[in-house]
Every structure is written in structure tokens, then in C-alpha cells.
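Multiple structures are listed underneath, in C-alpha cells.
In the two assemblies presented below, chain A is common to both, partnered first by chain B and then by chain C.
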Partner chain A sequence: MAKYKGITVNPAKFHRSQIKFYIILLPMIVLALLPLIYIISTAFKPIEELFIYPPAFFVKNPTMANFRKLFGAAENTAFPMSLYLFNSIIVTVAVVFLGCLISLMAAYALSKRKFKGRKTIFKANQLALMFVGSMLGIPRYLVINALGLTDTFWVNVIPLLIMPTGVFLIKQFIDDVPDSLIEAARIDGAGEFRILTRVVFPVIKPAMATVAILFFQSAWNSVEASNMYINTEGYKTFAYYMNVLSSAGNGVAGRGMAAAASLIVVVPNIVLFVIMQSRVMDTMARSGIK
Partner chain B sequence: MKKQKKQTTLRTRDALSGLAFLSPWLIGLLVFTLIPIGYSLVMSISRVKFTVNGMELTILGAQWFEEIFTKDANFLPALLDTVEFIAFSTPMILVASVILALLLNKVTKGRGFFRALFFFPVVVISGPVMSKLIGNDATMLIQANDYGVYQIIGNLPGVIATPLQYIFDNVVLILWYSGVQILIILAGLQKINKPIYEAASIDGASGWQIFWKITFPHLKPMILLSGIYTVVDLAGMPSNALAKLVKNNLTRLDAPYSYSAAISWLYSLVELVLLGITFLLLKERKEKHDD
Partner chain C sequence: MRLRTQAKRIGDIFDARSHWVMLIAYLLLFFAFILLPIILAVGLSFTNFNSVSIDSFEGLQNYIRAFTQDTVFMQKILPNTILYALIVGPGGYLLSFVVAWMLSQLTKTARTILAVVLYIPSLIAGVTISTIWVAVFNGDRTGYLNDLLLQMGLINEPVSWLQSSDYLMPIMIFVALWSSMGIGFLSMLSGILNVDREQYEAGLIDGISNRVQEVIYITIPNTKSQMLFGAVMAVVNTFNTTGLGVALSGSNPTPQYAGSLIVNHIDDIGFIRYEMGYAAALSVLLLIIVWLFNKLAYKLFGSSE
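After this line comes the complex of A and B, so read on.
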């Protein structure tokens, strides 16, 4: 029987034969992490090292100068950094929660409910998926203006809730959920919403986790709303603030500040992801829909 | 009679609950995406003028489209550049994600850790950070030409050498854009029943045969999904030559917005063709293996 160990697809235990896979995976991981290491290294570079060409990969004399410059610039702004941070946290939580809920509901309806126009709506979603983002800026601005959303706090949230990619991904996963499972829940007297949250959601958790991360990204990194729709400084977000600060220094020297700002913006992403990863990835591994 | 009535109400209930679930998102899609897309179509065939009262549109017809094809020296190179980028990168990202997903699926120690690391780039890549990295050419940091591999590739015939060179030039970028795809394919791998593998190995199938006869056909829908995701993802990158062209022309003095809108529409058509090709190549064949 030992012969079959080599081809088991979801092995439960470590076996010596797995070592070869680690050997291939390790260098890949190093490659995947290189740019991140580079940005960290750049953030700590003193100004002389930033001028070296071709740019050196690792920092030789790490310094906090870039961060000091960044925070120095922050002291000259009218509002404290914490305000922007607070805004961003509210926006991100709202976008992730509402965005996931709306997408899940829509994907469920598109996948499992039969009604007229279902296919057309899904095609419209695909059209939206394909359209060049930068072009939509102006017409979207006009719509937001017409709705009276300009210069409100919620304009940070509302346009981000619609993510065609999210609905598309979730729908493909719900398509695989057997109808009999939903049918069974219905016979047991579960309401539609209950079926969605208690039956469908647990089965497609991996897809939801992925989409949640995509929503988090789009909200946390969003500068569009702050740039285009909001005039009131107090409604603007952290990513916008960091962008403005880092553009204070330009040219080669600005690169160090930019790297420092990028690093600060990306740290919450990393922390959240590390906290979430064990849960997300574990459900990923076990959620086989049989 | 009674039975029929019950059926209709059931169907109506189905439709109603479906619409209720769909409506928040549908309204959002309509307002923030579809209406703007439609509006941009109108702009692409009109002259846009800014007056005190706002924007004024005069319908012109296909003038901008004509100009793109006959006068714009930047359009064709940008288009070719973008298509080449997508056409080269998509298959590589897909192959890389399938291989990585297969490998990740086989390790047990530190499984979570490994999976997290490959998904990590998706978390780190974000508008501002990524554009700065690409701006600094960080993705090309490993100077491949320093290594022996490069010389070996250089000696190969062009047909093989060009794509290989591309792979080595973009290896980091490929890994960075594979996170979501790896997850999708991993989820697909989990769904394949173990008994099929056992049966195959008892019948004496080799690992290679098992991959092509069992794993790959089962994964195909997931690969298609990843393929579509990849094409859309790559085409949406703001660093694309075409996307840049759209952006640069946004504020063109004699044709604000309208010229860009026309390019955007052409871009979307090209993307549609690319998606169509992806779909044709990866869709499931009719002769289905019995599960």
C-alpha cells in the first residue's frame, strides 16, 4: 500500500516524499517576497543610498530619516493623522461587510433563483467587469453629483460596494453548491435568508474570504473618492493622506518617503491577513463540496 | 387545478425572493457602472464642451473612431503591446498557478504558512504600492542576464527563446498575480474525489497520466474561471499601454473625454475578444467523463 502514498492528493501526514515539493516551493516564495523586501529596504535607506544607480537591493545603513520626514510633513497638515486613520477604518469595515453581503445575495440570486432577465443581468456584470476603470471616472462623477453624494462621508463607501469581480467569483462557486442541499434546508423550514447565511455561506467560505480581502484592498487603498468627490478635509481617508504626504518630496529623495508611506499603508493589510490567514486558508483546505 | 396554482406561487416566490436579493447590488451596478458605461458610449460619439452650465454634448458620429485608426500613431503600438502582454502573461500565470496549487496541495507541514505566502502578494499589491514598485522596476530586480540560465536561453532558437526569456523577465510579476488563481484552483483540487485517484493508481496509472486524465479535466472549469479572472485583472492594470493612452487623452484639449471614451470602448472590445479566446480554449468539451 505504501506505493500509493506518492500520489495522494490531500495527504494528511508529512511524508519524506514531500520534501521535493518543499524544495521547489521555497525559492518561489523568496521570489514572490522580493518586491516587498525591496520596498522595506528602500523605506529605510538614507538619502545617499537612494541615489545609487543601479539601485542596490539591500539597505546598508538603515535610517528612520524617511519616516521622520514623512511625520514631519504630517505635523504641518491641518488635521491629525488619527482622523484619517479613523475614517479609513470606518470605510473599510463598512465596505467589507456590506460589500460581501450585497455580492453574496446577488450571486446567490443569479445562481440559484430562476427569474426572467437573469442571464442578461449576468452579462451586464461581465460588461462592467471588462470596462476600463479610468474612463468611468468622469461619468461616475456626474452620477454621484446628480445623486447629491458629493462631499459626503458615504461617498467613500457606496461606489466601492459594487465589485463585478466579486459577484462573478462568488457566483461561480455557488453554481457548484448542489440544489439538493438548498432544497433540503427549505423543506426543513429555513427561510431564504437563513439558507443563504447558514447553508450557502459556510460552503463557499473560501470564495467569500477571497472576495473579502479584495474588498478590503479596494477600500483601504482607495484614494479616488478623496481625490474626486470630497472637498471636506475631515472626510478623507488614510491612503489619500499618505499619498499627499509622500508626494511632498519629489524625485529620488521622494522615493524613500514614498516607500515609507507605502509601507505604513500596507502594514495593516499584512497584520489583518496574518490574523485571518489560519482561518481563511484552513477553511479553504477543508471546504470540499462533495 | 390546485396543484397548478401552488406551482405558480412557488415560481413567483422564487422570482420575488431572487429579485429582492439581487436588487441592492443591481441598483448599485446600474447607477455606478452601467449608466457611466452607457454615458461614455454617448461621449465617444460626441463633441464634449464645457460651459458654465456644465457639460454639453453634440453628437458627431464615428469621427473619433476614425481618427484613432487613421491618425493616431500611438494607438496601434499600445494596442499590440497590451494584447501581447495579456496573451503572454495569462497562460504563464495559469500554468504557474496550477503547478503551485498542485504543489501546495501536496505539502502538509506548514501548509497554512505556504498558502498564506503565495496569497500574500494579493494582500500587498495595492494601487499606490504596486505602481511605485513597477515604477522602480523592482519586479525586474533579479537581473536575469547575470545568470547562466540566460546564456543557455540565448542559444536556443527564437521560437523557444522569446517566451522563455519573457518568463525569466517577469517571474516575480507572474508570482504576484497568481494569488487569487492559486486559491481558485486549490478549491477545485479539494473537490476531486479521492477514490478516483486510488482506482487509477491501482490500475497502474503513472502520476503524469493521472494528472492529464483525472486532475486536469476536473480542474478545467476552475482553470477557465482563473483564466477569465486573469485576463480581466491584467487588462485592468493601470500600467497597461492602452490604459495609459486612455488616461493621457482624458484631458485632450480639442476632445476632452470623448476621445478617451472611444479608446476605452475599443479596449473593451479587444478584451472581449481575448476573453472569447480564453473561453474557447478552456471550456469543457461535450464528451464528459463520468464521475
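After this line comes the complex of A and C, so read on.
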């Protein structure tokens, strides 16, 4: 161990002593990037390169053939790929918008309003942070059936609108909004919804951006509804379609198309996160459970 | 004028109760998709529900069956689940913390870029398992791992990794750890960066003489709340990835049950064999396991109230 020289957290400048961290992190960075590079490389491989032996990792003659096939192949069938993509876009927009709205309202009420039952609800929400939908597949299936949501378009949306983590993160952020700011607005005669939209919302935008990303991921990547609850092909989503393409039965030739589809699923996730990352970090600073 | 004051009064009453208006959608959804399924699971676990009708009340029979008659459950599923959870949960958590700490020792630009890169696996994990990892671990010569090992002369015949009862579980654990640096990791990184610098200066005066001491006496106590959030997220990640074995091997049950965890067993029994009552009992057992992990996290990092 190098001689200890005091504070080393968040250094302003590069120092020799940091090299060892880069060396330790390097294999993890390679592992984190390899799959992404693989998808990109495979998505642009022409068919001959998919079949060559020994298998090559990188593409030699990139082509758009896989994408053309992906968009073209399904055009002859009853459900073109663009329909799945369209469904996914509608589902994602609805989940992000409604999910954020519902979480924001709940978080504000839990943070800034004093009423009976507030503590209980927040405790329940905190306990539900650990809740994973797949744990209760069967009773959830029964509930969704009883609600008449099975084989409807909205089963893609409604079960995803509840996200305890989202409510938790927004609430922690609103806790830091000074009460005086809200009191001042109240004295000026602003109603609660006005306070929420005009006073609170503008200061908690980082938290909203973070939660929006989480909702985006849960909707855009979701295959559960299409797999379990929907029979009508026309209601299914793009992530599901991608999963079908990449399932084992499609063999080596299908790999190129599957990679092209994966790329379409993966890229928006990464782009959004890169754009929003500073806001996400800002939200995470307040994510502690006290 | 009177009309206006009246309208204002109604508005005031509405405002005074508006927290329920704001909460209603959240509460309904919470009830329908979280609370009700839990209640249903507990209730059904005492019956022999077969997805159509309930013929008899079974008492604790379903639970007794899990531990006495279901040999697959006792010999494969439960040990698999415990092994998987013990490695992926604490392992993924420790990995997240150590990596977050190392990143905190780097300059801002480098740290930001690396944090984004290391977060990517958790972002794309669900989507890419079947495309990427199946190609890497493919059982014939076209699999990248087989190709690599064959060229290095370490094996003579391609190994069918994903159909092997020896390799499936280690591969699952590897893939789960690969994707374990999610929002818990970001939370801890952010927590470490936000520790008051004065704390470190005070520690220096108090005689802290190396980085290990610094982590133990300053970093961890000051990021406890983020570490708890991270721990809860580690539990979530562990049980969220339990479909891995089925996704990788392409079948449920997995080859010789080598990669089958409780969630897969529940699906097998509930959705394939329609023994919903028994499946509900297993769901309740799973809930208890997850809850215990959660409890442990709070015990370790929760503030004493």
C-alpha cells in the first residue's frame, strides 16, 4: 500500500497513484463493452461473415442487409415489424408520462403534506422497494385476468405504472425542497396542484429525469406482457419481437437480424442515460435510506 | 361575489383533501399489483387451486409437501437458489461498492465516462442475454468461448456449456455479476463523492494512516444510507435475474435442474402443470427468503431508530 497522504477522493488532477485503479478496472470495462461491440459488429455483418469458421468477432465488410431484411421480411406477413415498433413507442410514451405523473403526485403528498396514514404508506412503499414482479407471477396473472386486462393493449402499460423505487427517489428529492418556498406559494393563494407544477416540479427536474429513465427502461425492454398476457399479435411489442428473432430456433442466419433488432432496442437506453447521467447522479446523491 | 367566495371555499376543502386525490392512482395500483398478489399468494397457498376451481382446503399441506415430497425442490431448486443468491447478492453488492470506491479516486471526466460504461451491462442485460451470451457460450465450434479454447489448445472437443449441469450455474452467476452494477452502484458512487471533505480532514488528525482505515472509519459510516439503498437494490437484482438459467439453456426445467431456481420451479408447477395452490406456497417461501435478505440489509446498514 502506498504511503497515505490524506484525501484522495474526487481528485482534481491525474496522479500516478491512480494508475492502479485503471489497471484493475480495465478487464471490467472490456467485459462491459464487449457485448455491445458484438451486437454492433454482428448487426452489420453480411450473411457470409455470419457463417465463416472460425467465427470472427469483428465485421469486415459492414452492410445494412440485416436491417433491410429486418424491415423487409416482415412486410409480407400480416404484422409488419413497424407495427411492433409503433406499439413499443406508444407503450413507452404512455408509461413514462403516466408513471412519472402518478409517482410525482404520490411523492409530493408523502413528502410535504401532513395527514394520517402518511408514515404507513411510506413504510409500505419502502418495503416494496424489494418487490420483484417475477416473484409473484401467478397471483399477478390472476389479478390481471380478473381485471379484464388479458389480451388488451393496455396490459402493456398499466401494470408498469407502479414503481416504488420511483416514488422513493422523487420523495427523497422533494424532502430537500425548503418548506418556506411552498408556504410562500400558499400565502400567495396557490392551490396544491399549482404548487406541485409551478414550485416543486421545476426544482426536482433531476429526479424526474431519473425516474423517467427508469420507466423508459421498464417499458421499452418489457417482454412480460407480450409473452404472458397477450395473444393478439397486433398488440405485442418490439422487445418481444426481438426476443423471438434471437431465440435458438432461428440458427446462425437469424443471428444477424437478431443483432440488428437488439441494437434498435439497446441504443435508445444508452443514449438516454448518457444524456441524463449528470441528473441521475444528482438524484442518486439523495437516494439513501435513512 | 358570493359565488366566488363559495367557489373558493370548495377549492379550499378540495385543497385540504388533495393529498388523497394525488395518492389515489398510486394507491390503487399499489393495491392491485403489489399488495393483492401477496394476499392472494398467501391465501391460495392453503388450497389446491388448479387455475379453475378450489376443491379443498389444504392447511399447511402445500408447505409440508415442499419440504418432504418434492425431492426436486429440496435436492436441486432450494440449494441452487441459496447458492445463487449468496454469491450474486453479496458478491454483486461488494463488487458495486469496490468499483464505486475506485471510481471515486479518479478525476471527474475519467470517472464519468467509466461509470457510464460500467453501468451499461445492467441497462441492456434483459435484452441481450439471449443474443450475446448464447453466442459466446454456444455448444459447437462457432461459440466464441469454444473457438478461443480450441485455438489455445485447452480443449480438444467443443464443450456444450449451456447444456452441461456442471457449467450452467457458474455461467449464470457470471452473467448476473456482469450485470450487477445498476442503480445501487450509482447511488453508492454518488454517496461516496458527497462525503463532506472535512470528515476526511478530521480523520487525518485522528490518526488515520491508510486507505483501508479511511474506507472503514470515514467512507462507510458516512455513506450508510446509500449503502442500504444499494443493498436493497442488490437483493432486487439477484431475484430479478432468476430467469437466466432458462433463458441461457433454452428450456424449463433446465438440464438436470442445474440452473433452475425457485422462480423457474414456480412457473413450471403453476403455468405448466397448473398446480396453482402448490405454486402459491412456493411463492410465499420465496417472498420470505427475499424479505430475510432485505431484513439483513437493514440490520447491517439501517440507522438505529
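Here is the rule we use: the second predicted complex is superposed on the first by the 177 of 290 C-alpha atoms of A that agree within 3 Å, B and C clash if a C-alpha of one lies under 4 Å from a C-alpha of the other, contacts with A are read in each partner's own complex, and residues count from 1 in each chain.
Operating definition for what follows: a residue touches a chain if its C-beta (ideal position, glycine included) is under 8 Å from a C-beta of that chain, and two chains touch if they have at least 3 such contacts.
Predicted model only: the values in this text are computed from it and were never measured.
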Name the contact category of A:Ala207: first (chain B only), second (chain C only), both, or neither. first
Could you look at A:Val93 and tell me whether it touches chain B, chain C, both or neither (first, second, both, neither)? neither
Identify the partner contact of A:Phe273: answer first if only chain B is touched, second if only chain C is, both if each is, neither if none is. both
Of the two partner chains, chain B (first) and chain C (second), which one does A:Ala239 touch, if any: first, second, both, or neither? both
Touch test for A:Phe173: chain B only (first), chain C only (second), both, or neither? first
According to the stated criteria, A:Ala184 is in contact with first (chain B), second (chain C), both, or neither; which is it? neither
Just chain B (first), just chain C (second), both, or neither: which does A:Lys116 touch? first
Residues on chain A lying within both footprints (that of chain B and that of chain C): 4, 6-14, 18, 21-22, 24-25, 28-29, 31-33, 35-36, 38-39, 42, 55, 57, 102-103, 105-106, 108-110, 113, 115, 121, 124-125, 127-140, 142-143, 147, 158-159, 161-162, 164-165, 167, 192, 196, 214, 217, 221, 223, 239, 242-243, 255, 258-259, 262, 265-266, 269-270, 273-274, 277-278, 281-282, 284-285, 287-290
Touching residues of chain C toward chain A in the complex: what are they? 11, 14-15, 18-23, 25-27, 29-30, 32-38, 40-41, 44, 99, 102-108, 110, 112, 114-121, 123-124, 126-128, 130-135, 141-144, 147, 151, 178, 183, 186-187, 189-195, 197, 200-201, 204, 208-212, 214, 219, 223-226, 228-229, 232-233, 235-236, 239-240, 242-243, 250, 263, 266-267, 270-271, 276, 279-280, 283, 286-287, 290-291, 293-294, 302-303
Residues of chain B touching chain A in the complex: 11, 14-15, 17-19, 21-22, 24-26, 28-29, 31-37, 39-40, 43, 55, 100, 103-109, 111-112, 114-129, 132-133, 136, 138-139, 141-142, 171-172, 175-176, 180, 183-184, 186-187, 189-194, 197-198, 201-202, 207, 210, 215, 221, 225, 228-229, 232-233, 235-236, 238, 242-243, 246-247, 250, 257, 260-261, 264, 267-268, 271-272, 275
Applying the document's contact rule, which stretches of chain A touch chain C when the two form their complex? 1, 4, 6-14, 18, 21-22, 24-25, 28-29, 31-33, 35-36, 38-39, 42, 53-55, 57, 102-103, 105-106, 108-110, 113, 115, 121, 124-125, 127-143, 147, 158-159, 161-162, 164-165, 167, 191-193, 196, 214, 217, 221, 223, 239, 242-243, 246-248, 252, 255, 258-259, 262, 265-266, 269-270, 273-274, 277-278, 280-282, 284-285, 287-290
Complex contacts: residues of chain A adjacent to chain B: 3-4, 6-15, 18, 21-22, 24-25, 28-29, 31-36, 38-39, 42, 55, 57, 102-103, 105-106, 108-110, 112-116, 118, 121, 124-125, 127-140, 142-144, 147, 158-159, 161-162, 164-165, 167-169, 172-173, 176, 192, 196, 206-207, 210, 213-214, 217, 220-223, 239, 242-243, 255, 258-259, 261-262, 265-266, 269-270, 273-274, 277-278, 281-282, 284-290
